[in-house]
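Chain naming follows the written order as A, B and C, and within any one chain the residues start at number 1.
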């Protein structure tokens, strides 16, 4: 991971995405009274997002019952891809990103499930794969009883952009 | 909603509140080591709030068991009215608000309850009714197992004000 | 509490810690793709932390089942000591802190546990004991079904520092 981070850091994020075979999904425009992203000063606040698959459908299920930790990691990685798609639409150019500042990951699990950090690593790891050292962030990983539409994981984040 | 948002945008928030028959409650001064609102730069961080009714009492109960989605929506709307009361006390003039930046809504529900977004819409919709386009925000809606005093919903937010 | 806060305000935080017999623990350097703290402008975003004891081990258990409210308060106080240790490592001098801006406390409890605020007071109270009026913050206290490694409480925060 650390070696890859250094390599990625010298590339532009869009090229890393292509090299990894990641296609950014189309995120439906927000309908109604909230939206996917709001800018305030140099900070971008991104709404919580679930694990959107390439086929346009979301993964559902509860950790410790329907999904194991590896499947949770994969779901969190899909949340990360969806958030990068939101950033790409907002910024046009992902090199405008100065730092992934803060990530909050909510994991839908049974009461006895305590590997929330291993699940949210699926999100964190992709941020560093794509953005290198700029992708290293502060973070909280929380276990919850339920999430919208039965998602196993929902992740929001704050991103700082260049002036 | 969109039409109303445009109309509201040309009015001052206090007039919209009056036109809608909304009276802002008196929020008790925080006692102790935390407070209702803290300013940092141009951002206001508002503490999480529950559904305070006009009679000074809070709604309690769990979504999917004690309250249905419509009742949850109404409770989230009460959280929004309470947060606007906090903003009015802090700012004096609600026209100083530049943008509702971020909303985080926690919904106290049974494990199988997955309509957190429909509940938190009660908060989001009121923000746009009162502040127009400035009220459109980024958002997370999360399901949790319990909340202070048995509230069905608790909502915190970040607001940007004019220089 | 209020009297103590005034006294503390005229002292430097490190002296208050010593006077109270609090030794800051050594926080292991973050390994991997996230970290304990990220600075953006004048704001420090601290990752969520659990109740780290002086012996290097974490308290575990669920409120309302394994721990009572007083034990939860003590656990939240340990989270606060750990976060102050992170700040000390980052800043060198705790007097650089301008304001504790926002605290979010997650309490791992049974469904019927509703005293999250009394638990998180263990965190909030220590902030004011150490930083005086600068320690008064906005806050949310949330009940959740599970936390990493079975922690009873996890707390994250945002801190503003002097220019």
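One rule holds for everything that comes next: a residue touches a chain if its C-beta (ideal position, glycine included) is under 8 Å from a C-beta of that chain, and two chains touch if they have at least 3 such contacts.
If you're wondering where the values come from, they're calculated on a predicted model, not measured in any experiment.
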Can you give the rotation angle that fits subunit B onto its twin subunit C by Cα atoms, in degrees and rounded to the nearest 5?
120
Taking shared numbers over all numbers used, above half giving same and below half different, the subunit A and subunit B interface sides are different
Please report how many Å separate the Cα centroid of subunit B from that of subunit C, as a whole number.
26
On a C-alpha centroid basis, what's the spacing between subunit A and subunit B, in Å?
26
Which positions in subunit B are in touch with at least two other chains?
41, 104, 144-145
If you look only at subunit B, which of its residues touch subunit A in the complex?
1, 5, 41-43, 99, 101-104, 109-117, 121, 124-125, 127-128, 135-145, 158, 160
Quick check on the complex: what are the subunit B residues that touch subunit C?
32-38, 40-41, 45-48, 62, 104, 106, 108, 144-150, 154, 156
